Every structure is written in C-alpha cells, then in structure tokens.
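Both complexes shown next keep chain A, but they swap its partner, so chain B is in the first and chain C is in the second.
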Partner chain A sequence: MSHAMTAQISRRTLLAASSVLAMPAIVRAQDSTIKIGFPVPLTGPYGTEAKDQVACAQIAIAEFNEAGGLGGRKAELLVRDDKLDPGEAATRTLELIENDRVSFIAGSLSASVQLAINNVAKQRGILFNSISQSDQIVALPDWSKTTFHEAMTPYLTAGAVGRYAFKNFGKKVVFLRADYAYGNEMIDGFKAAGAPMGIEVLADLRHPLGTTDYSTLLPRIQSLKPDILVLANFGRDQQISIKQATDFGLKKTTKIVAPILLYTSRLAAGAQAFEGVIGGTSYYWGIEANTPSAKAFNDKYRKANENRVPSDYGALGYAGVRSILAGVTRAGSTDTAKVVAAMEGLKYDSYKGAQEIRSCDHQSVQSVFIIESKSKDMANQYDVFNVLATDAANAENLRSCKDEGHA
Partner chain B sequence: MLPPNFVATCKRHRVVLSIAFLIVFPLLMPFKAIAVNILIYGLFALGFNLMFGTLGLLSFGHAALFGAGAYACGIAIVHFGAPWWAGILGGTLGGMAIAALIGALAIRTRGIYFAMVTLALSQCVYFLAYQATAWTGGENGLRGVELSRIAAFGHSINFVDPLTRYYVVAFFVALALFILSRILASPFGAVLEAVRENEARARACGYDVRATRFMAFVISGGFCGLAGALQALHLSIVPIETLYYQTSGLVVMMALLGGMGTFFGPFVGAGVFLLLENLVSLWTVHWQLFVGAAFVACVLFFPRGIWGTLLMGRAK
Partner chain C sequence: MEGLSLDLVVLQLFTGLALGAIYVLLALGMSLLFGMLTVVNFAHGAFYMLGAYVGIMLLGVGFNFWLCLLFVPLVVGSVGLLCERFLIRRLYGRGIDYPLLLTFGLSYIMVECVRIVFGTTGLQFDTPDALVGATDIGIGYFPTYRLFVIAVTFVVLGLLWLFLERTPYGLIIRAGARDPQIVRILGIDVARVWLVVFGIGTGLAALAGLLAAPLQGASPEMGNSILAEAFVVTVVGGMGSLVGAVIAGLLVGVVVAMTSLLAPEMAQVSIFALMAVVLLIRPQGFFGRAGLMS
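== the complex of A and B ==
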C-alpha cells in the first residue's frame, strides 16, 4: 500500500515538476535570449582575422551578460561561416533570420559579402552592423534605415594616410593598385586627399589581383624617383610587392605607403619586409598607453586568450556587437525601430577613444591611426608598429551624406 | 515484397514521383534556404547532365550559362524594373543566348578540347561581367534584386516567406523536370544517346551530329539559365562568383556525386554536397577535410554516383 502510494506520489511529483518547471523554462529560452547573428569567413584567406573577430565579439556578449543583460535577458552570438562567398553569406543570413530568428546581425569581412548580407537583411527589416570596409554600404542605393557601418570606409582610411604622408614625405607620388574594388576605392581616397595639397601624380599603375612578380613595374617606378609609392593592394599581394620593392632598394629613395597595414599580415610576413612602411589602421593594441578604453578591452582579451593581444579587424568584431548591445540598452528594447533610433547619434568609447554614429548614414565617425612597421626596439613579440599620428574622429573626413546620395 | 514491375512503374512516372518528393522535401531540411539552394543547384546540375550524362560531352564552362541566367534576370529587374516573370523568362533566354554563343564556337571540338574551350570562353564571360561595373556591379556583385510579392492570376503572394519562396521555386523546377522528361523521351532524346554511344554510326544513320550537339547545348543553357534566374530571386543578389570557374567545377562534382546520366541523380548530388557542407561547417572550420573524405568515399564505393548505384542495385 505504502509502496504503491510512494510510486504514485513520485510520478505525480515528476509530472508537476515537468509541467511547472520545464514548460516556462522552454518558453523563457525562446523569448528572452537576444540573438545576434555573426557571419564571418572562418575558412578562406581571412580565416585568422575572422577567428579573432569571433573571440572579440564574445567579449562584448560576456560584458553585456555580466552587467545583467536587458532586464535579465541575456545575449547570444550565433556564429556562421560565410566562406568569404557572397552567395553563401546570403544563404547563411537567410538561415539566421528565418530559422534562428535573430534580432540583429553583425559581421562580414569583404566588401561584396557585406553588401550581400545587407541586401538580405534590409529586405527583411533586420538591423545589420557591418565590420569591414566599404564606401558603398553607407551610400544609396545599398544603404537602408537598418544598415550600420562600424568599420572605417576606404575614403576615410586613404584620406587620413594620404594627408599624413603627403605632408611629411613629399608631393611626388606614384600609385600602384591591385585592379579591383579595394584598390580603386583606396586610390580615389588618396587622390581626393591629395588634390587640395597639390600632389603631383607621376604614374598611376595597376596590377592584376594575385600578381607574384613586380619586376617589370619596379624599375619603372624607381626611374621616376617619387617621394612616395602608394601600394593599394591587400594580403598576399601586399606582402610580395613590399618584399620585392625592398629587394630592389626602392626604400632608399622612396617612402612606401599602404592604406592599411594589417597586424596579422605583419606578424606573418616578419619584420624585415615591412620595415619602415607607413600605413593606416582602425586599431592597434599599443594605443592602450594613453587610451583607457583600449587598456580595458586589451586586458579582457588577454585574460580570455592566453595573454595574446587583439588584432585590428578582430577588435571591430567587439565594437560591432557592442554598439548594437549599447543601442539595445539605451532603447530598453530589442524592437528594431527603437534600437535604430537609439543607435543614431550614439556617442561611445568602446575601445579606441570617442566615436559617434552619424545619423544621416549610420557611419561610425572614428579616429584613424597612422602606423609605421618597426624591426628594432620591440618590447615584446606583439610590439610591431609605432603609432606616428592619430587622425582624430571628425565627420569632415568622411564623404558627406549629400555625396552619398542621402537627402 | 515489391511487385515485380515496381521499378518500371517508378521510371514511367518519374516526374510525378519527383514532384511528390519536392512537396515534402522542405520539411526534411534543417532550414528552408538550403532546401531552395538544393533545388536551384539540382536544376543547374540537371542542365549540365543533359550535356555530360546524356550527350557525353564534358563542359567546364557551365558557370557562364548559370551566371548569364542570374545576371539577365537581375539586370532586367534592377535596371529595367521588369516584373518577376519577365526576369525568369529573361534569365532562361539569357542562358540560352550565351549557350548559343559559346556552343557555336566550342561544339566543333570534342573530349578534353571541348572542356578547355568552354572553360576559356566562360572565363571571358566572367571578366566581361567583372569589368562592366555599371551593369553588373563588378566585383561587389549585383545587388537589389528584391522581390517581395509575386502577383499572378489576380493573386498576390508573399515571396519573402521562406516556405512560399520554396514552393514558387519548386513550381519552376517541377516544370523544368517535366520538360526535360519529355525531351529525353522524344526522338531527339534518342538521337542524343545515339551520338553519345557511337558518333560515326549516328552520322551514318543520317543525323547531323553537330546540329544535335548545338541544340542540346542551347537547351542545357535554358535549364541552367532558369536555375540562375531563380538563384538571383532567392538570394536577392548576383555574386560575381556565380560566373567563376569554381562554379563550373562544383556542378561537375554534383553531377558525378549524384550519378551522371540518371534523371534524378543531379538533385541527389546537389543535396548531398550542400547538406554536408552546411552541416559540417556548423561544428568545425575544417569542414573541407570531411567533405573531401566523403567525396573520396563516394567515388570509391559508388562509382556510378549515389543515385546511379542505388538504381543499379534495384535493377538487379
């Protein structure tokens, strides 16, 4: 009798427990998590940068959750591999929106991929914060009310580097670009910055993407005796062209300038090839000496990643997710329209000093660091650049909203 | 036990069975967008298989036909504000037009030469699209192929809804399957196989081999162009990668994986490949290793492709 009774009670308790405890838990899990989709190219040539972006984005998520989330609602990052392919990125974005029901999307690491994600997200009214460079994404017709751009634009980057280089190293310039969107947009930016300074363009040369031999171009450049050689190419092209220019002895007479010096490329290529090359960057961990927010961010990264330091593009992963969550906190809601309104004009200091989201095109107004690669006096293995100058955050340095087609 | 004429019945009603499968298919997939992708690549592989499996000519330039369809549809909608049906029609015709152009130049060659000439010509199309930035968006791809609602016969349906989008695409795929089935069952289909089996004998029987090949290439272009147009509408963009030679390689792989020369094999190949790629890449960044190993295993254990080997087993 008592035996049967115990069995009955325990069964009943079990049922009660499952219905009372489990059911609301399921409902709560579905409703309350703030999901942020994060498509980045984990496989492919930018895999190193993409993995760092994920590591940094997770720090932003952890920060938000430790601070109590949005009234107890936690944030969650859904990472997807876009394989550096716009078609795959569009498919993954559809999956994130339709299947995983994300509230927001941040990510991407190429111009075409971010435009693909943006196109899918804007059609469905989902907020997207891009963390890679593009001029088009903040201009019409690609831009939409739900499009945000955390990264710098090529126009801003090239302008900042150009103003510094033309002032300090001379006005006689040779341009050498990889013949595709990145090279073309960067050179346009250099020319726009150089025109009022009266630069003299000795030659404007192009090479196909993926060139391995620059020996036909370099003697010609050498004979022109420019003050500055602007190399608007990226990744492996940049490594090879700089190395060959060094071997030709071009550095004796000419300053080599690149719009972007990647921290990860510099680590991979070694000190000698990049010695003395000038470039721009959105972030370098070394600014922590006089930027408290950078110090705080670096420390969190070090703690989570075996004392390493964050890379430039990696840090953008942190900033991209953090801006969205700052918008969520400010709006007190995850409703897209409210978060958009909260992010417009948002002033913040996430990791690199003061930034502001320009209301008219949702571009993050931010500083650009002019850095020089060094091979001597390195404090540790991560100490690879000197920060020569900081081009302060100023909306004047961006393309005007009118030029971008905004009313 | 299955009735003895079960396989024969299935073969006779292959279109009906395929359509029945298409209807339940999205319920079996992890998410709808991948189901649509499988249909689109399946259709693309189907068009390719007409050349490769049925006619016996290996083309390495089918990306040009697929991409031409996608760009024709995209450009019609973005630059000319064309309605959705005109985009699909334009894509199909665009695929056929590029196929006619490439076919006219490539069809006189055979074997490895045919593969090389089609590859070279498709790369020409790629660089043409790459340079014509004003029309194609160049390296950034064509954006803004946004289709939110489809109006037909007085009804307006929501194309943004994932399941609706799937069934709209499935409708066109089913239509293509029906047309292909009729083509293969026609005397023209028999001529295609005759040319594949013995070119000299087909010629001796009085068939114009070159014209047959040209016709087949243009029809193949129609199917691939339709697939491209559907992809443009599905993804709302046309990436330049659509025209790249890797896309040509992808469709060869899908057709081989599924089973060349089988009716439904291309869909099986596209499905297995895309599912593997998507599911494995969710839990490891080394997905290429596993997908590669799976491909090697398929080649070793299913020499006639997955579907082809299954059919062989049934026939015994």
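== the complex of A and C ==
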C-alpha cells in the first residue's frame, strides 16, 4: 500500500470523523432536554397499572421542571409500550437508546421484562431504574453498576408478610404458587422468613400462569386444615383464586395471605371476594394520614387525575423517575457515572417515608405495609384497605449483598 | 398419599362434575353445530365470552341474575343467528375448512370488539346473593353456586332432549342432520332449520359463559383456553354426538379433578392424555360416526 493512498484515506477519514464529532454537539445544542425512556406494558393484562405508572411518572417530571430543572434543562418522559413481552421490551429499549438518545431508563412491570430491559441498558451503559419486583435483578449476574431497583424485592415483601402472618395466624401453612419467577421467588421469601419461626409446610402446590379454575385443588387444601393459605399469584390469577377459595368456605378455618395485594385488583374484584385477605404492598394512599410525603404526592396526583388516588405500582412510576432526577440534581450532571455515584447511598423520602439506595446492589431499602382488605366502614370508594402494620425500612430484611453475589 | 379419605374423594368427584358441567354446555353446542351443519365453530369460545359480557350488560341495566339466565342465551343466540344468516350460510357445501377459517376470524373480531367496549382488564361478576357461600352436602362443604351450575346443566340437558326427541321441530332438525336432501324434497326449508340450530348452539355457549362468570369473572380472553378444552371434550365424545358430549364433558371434569388430587402438576396434561388414549382406542371418539370428518 502506497503512502499516497494512506494519506488519502486518512484525509477522508479525518473529514468523516470531524463531521461525526461535530454532530453530537449539534444534537446536544438542540436537544438540551433530559430524556427518560419509560417502557411499560400499556396493552395487556397489566394495562391499568401501567397507565397509572405513566400518570405518576409525569408528576415526577413536572415537579423537576417546575423546580427549574437542571440549570434550566427540562426533563421529558418518553413512554413506550413493551406489551409485557421481553422481546418487545428489548427492542423498544434499544430504540429509546439508539434513536431517541435517552439518558436514562425507568419502568417495566414484570420480572422477566425488567431483566430484558436491564440487559440492553447495561450493554449500552445506560442507567436503568426498575419499578417492578425481582430478586434476580439486584443479584449477579444480572446486576450491573448501572442497574437500580426502586421496587421491593420478593424476598423483602414475602419476608415482611410472612413474619406478620406466621406470628399472628399460625404456623401450619399451605403454599399455592403461580409457577413462574414471581411465584417462585415469593415462596422462597416466605420459606426463608418462616424457617426460623418453625412453620410447618403442609403442601406446596403449583398452578400454571393464567389458571381460571382452582376448584380441583381446594377440597384437598381444605382437608389439610391449614392456619394459613399463601396465594403467590398475581392479577387475574389472584382475583380468581381468592374468589374461589372464598366460595369453598376456606375462610372459615384458614387465613388467606397474598404476598402483594394489588390496589387495582381489589378495585376490580370487589369487596366480597377479598374480604379479610391480608397481604403486603409497597404503597397504599391511606398512609397519608401520618406520612407527609404521601399526602403531598397524593394531592398532586388528585389534582392531575380528577381526584382519584394513585395505585401501588403506579406510585412506583413516580418514585422510579424521581430517584433518577434526584440523582441528576445531586450530581449536577446527566453523565451516567456521576449520576450513579450520586444515587448510591441516596437518602430520600419521595412518597412513603424514609428510603435509601443501598450502595452495594442499588436496591432501595424501604418499608413494607401489611394491609387487610376491608368490606365495611369504607369512607369512600378508594378506601379499600386497612394498614395493619408497617415493616420499617431496614437493610437487615433484604438478602445480603454477599448472598446476591456482590463482592 | 396421607389424608386421602373417602369423603375427600367424593367431594373431589363433585368438583369434577361442576367443572364438567361447563364443558358439557360448551361441547353440546359445538357438537350440535358440527353434527348438523358440519361447521367446526372456532368462534364458540368467543360466544362463551360474549355470554358473560352480555350478562354484565344486562345486570347493569337492572336485570337480575335469574332473568339473565333466560335473556343472555336469547341475546347471544340472536347474534349467532345473524352470523349464520349473513356469513356462514354462504359457505355451506364448500368443505369443512371454509366455515372453520371464517369462525376463527370471527372470534378475533368479537374478542377485539369486547376489548374496545369493556376494556382489556376484565370485570368482576359477583355470585348472586342467594347462591353465595358453601352448602353442607353431608361429606363436607361445597360451594352452593357450583351445585347450582350442575343443576342448571341437567335442566338444560332435559329441555334439549325433550325439544329434539319429543317435538316436531326436533324431528325436523334430526332429519335434517341425517339427510338434508330428502328433508328439502319433503318441502321443508332446511336453511331455516340450520339457522335455528346455530342460534341454539351459540345460545348454549353463552349460557356456559354466563354460568362461568361468577366463578372466574369475565375477561375478553376467557373463551380462548376453554375452547381448546371444549374441543377435546367434543373429540373424545365423538364429533357430532350429543350423548358423547355429555358423557365426555363430565368425564373430562372428573379426570381433571382426580388427577389434581393425586398429582396436581399433571392436571392440565391429563385432559390431553385422556384424549390421546381415547383416540388410540377409538379414533371416532365414544359415540362418533367413523368417517364423518372425511
């Protein structure tokens, strides 16, 4: 190869390179907004929850912008429909990063979908704050330095609910789980909490996701006479299994416990079926009576949403985006490494009392509320739960970073 | 297995019968349509779903559950009549796959329409007050509503039998199924017979959907999974055989119930295992006529 040729190529390369170098500067100049990608399952069985997540996330964006943004730079939410499908979520996430040039990603409402989003985000070095439950995401090998987890972990949730239930209702337990990540991680959490308390597992049953009839399992469960029936399923599965267990008269002898009692499920299924069922939640609007940050958040939501109140998973949309923006403010920058550093160890009270992002695995240390569905003395249509107990934020209740595989 | 008492087994048998009752109503309609019109109705699950939603609609405008039991099959049956008159009728005599594809598409349209009107989330359907709770049937408590479902199914079976075997209309329908040509020569409008049969078949599906709604609520997709199970029942009983649909429906219910008592993980598979065994021994099903599909 001749010298002339090399010179020619390098000249051309230089030209190309300089134009490429100039481009980000132009883009940045026009595009001074801080873009946050928000993939959630707007269509599909969790559509109601996902829409509420968007409504709540917009409040966090508005708050940030009203406070002046980052030295005048405003934040913007880019909502995408992940259709509750890991493949779809990965594609949308890639587009958000490559085409829309988002600085951060928050969102997801499924254990497997959040892992798919995380996988894409971590390869591209983009910060992702997940707002749905998973143990796996804060553990190696899925976790990375840019992975944050705003939601509770199944280990934390099931632990809090289990400790309360086994203490108050008895030690003879039947587990019925939806046979996938959510159900399995939850039951592991219950067993871990129950082992030191000496619980006796009478049966550990599984059902496929999307089961519509539980009647064939119920007579057997009834004959075992457990103190507690733990239903580790979600959404419609939860509604239907609780309803059918009620029909079989199981509540006469047994306390029905769910790791998570969904506000939206309870509204959809009605008081009759959920009567007396207890479970955990990351948030219930009713805590506003003694939590100022909850009151402030609920009021903002009411103002923007015809006086309705935010749901549990919806509120996580607010918290997820707010934590990122708090990191941006603290770092004074949108640079990923700086924001990561600013979020590590961040102490905040967004909407449910004191929280802290644990540095070693980026899990938000937070309180768990033990709630009971009520069917009478309801002040209004949104007044559906009693808060029985609050498991205060405590890193001791999480899986240790060592167990999660962190050095 | 410890704690497997006779009471529990009998209780489980009842559970199976209640489960089977819904299958029977669905499979009965499917068998009717196949036996008489040679239509494999892939929209049967959608009509089942429509039954639940029309029930919710009627409850919303002030009907009570008992009136719904009467009007839901009538309303959805009328929708079925319209589908037969304007869509399916054009495909008679064109081979079995034409109406199959049509009804397959129809089911998608119906599910999507319900999603647009009622939302994707699914709706609650409270058990009627009189049937809430459990009844002591001597060996243990059993949900009152499920006993009611078994009872309704047997009443419907009785009425259908009377209609087909003891009325002149029934005679025409049976004759039309055996030999439409001769019936036509005798001066009977076979098209009208088929129209009525389609209405009855879809009305039965709607009744099944309405009965299932208090057990599991209503959702646009509720017909999808049960359609597969109803097909199994129809095939096991013998395509086109009403007696077969009844016996196979109850049998499938009981087999699922008993399997989940002994090995809960196998319950889902047991339906298909049963079908495989039956088809190996009797390819035409219990009461099917050999060669009907060819």
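Please note the rule applied: the second predicted complex is superposed on the first by the 377 of 407 C-alpha atoms of A that agree within 3 Å, B and C clash if a C-alpha of one lies under 4 Å from a C-alpha of the other, contacts with A are read in each partner's own complex, and residues count from 1 in each chain.
Note that contacts are C-beta pairs under 8 Å (C-beta built on N, C-alpha and C of every residue); 3 or more make two chains touch, one makes a residue touch a chain.
Because the structure is predicted, anything quoted here is derived from the model rather than measured.
Model built by superposing both complexes on chain A: chain B and chain C fit together without a clash.
With both structures placed on the common chain, the touch criterion links A:T43 to chain B and to chain C. Of the two partner chains, chain B is the only one touched by A:T91; chain C is not.
In the superposed pair of complexes, A:S112 makes contact with chain B only, with no contact to chain C. When the two complexes are overlaid on their common chain A, residue A:A151 makes contact with neither chain B nor chain C. Of the two partner chains, chain C is the only one that A:R220 touches; chain B does not reach it.
Legend: residue contacts after superposition of the two complexes on their common chain; A:I324 is shown touching neither chain B nor chain C. Within the superposed three-chain model, A:A269 lies in touch with chain C and out of touch with chain B [touch as defined at top]. Once the two complexes are laid over each other on the shared chain, residue contacts for A:Q136 go to chain B alone; chain C is not touched. After the two structures are overlaid on chain A, the closest C-alpha atoms of chain B and chain C sit 7 Å apart.
Common to the chain B and chain C interfaces on chain A are residues 43, 47.
Residue ranges on chain B touching chain A, taken from their complex, read 30-34, 37, 138-141, 143-144, 146, 148, 160, 162, 231, 235-237, 239-242, 281-282, 285, 287-288. On chain C, the positions that touch chain A within their shared complex are 3, 5, 7-8, 11-12, 15-16, 18-19, 120-124, 126-127, 132-134, 140-143, 145-146, 215-217, 219, 222, 225-226, 256-257, 259-261, 264-265, 267-268.
Only residues 43-45, 47-48, 205-208, 210, 212-213, 215-220, 222-224, 236, 239-240, 243-244, 247-249, 264, 268-270, 272-273 of chain A touch chain C when the two sit together in their complex. Considering their complex, residues 42-43, 47, 51, 80-81, 83, 85-87, 90-91, 94-95, 98-99, 111-112, 115-116, 118-120, 123-124, 136, 141-142, 180-181 of chain A touch chain B.
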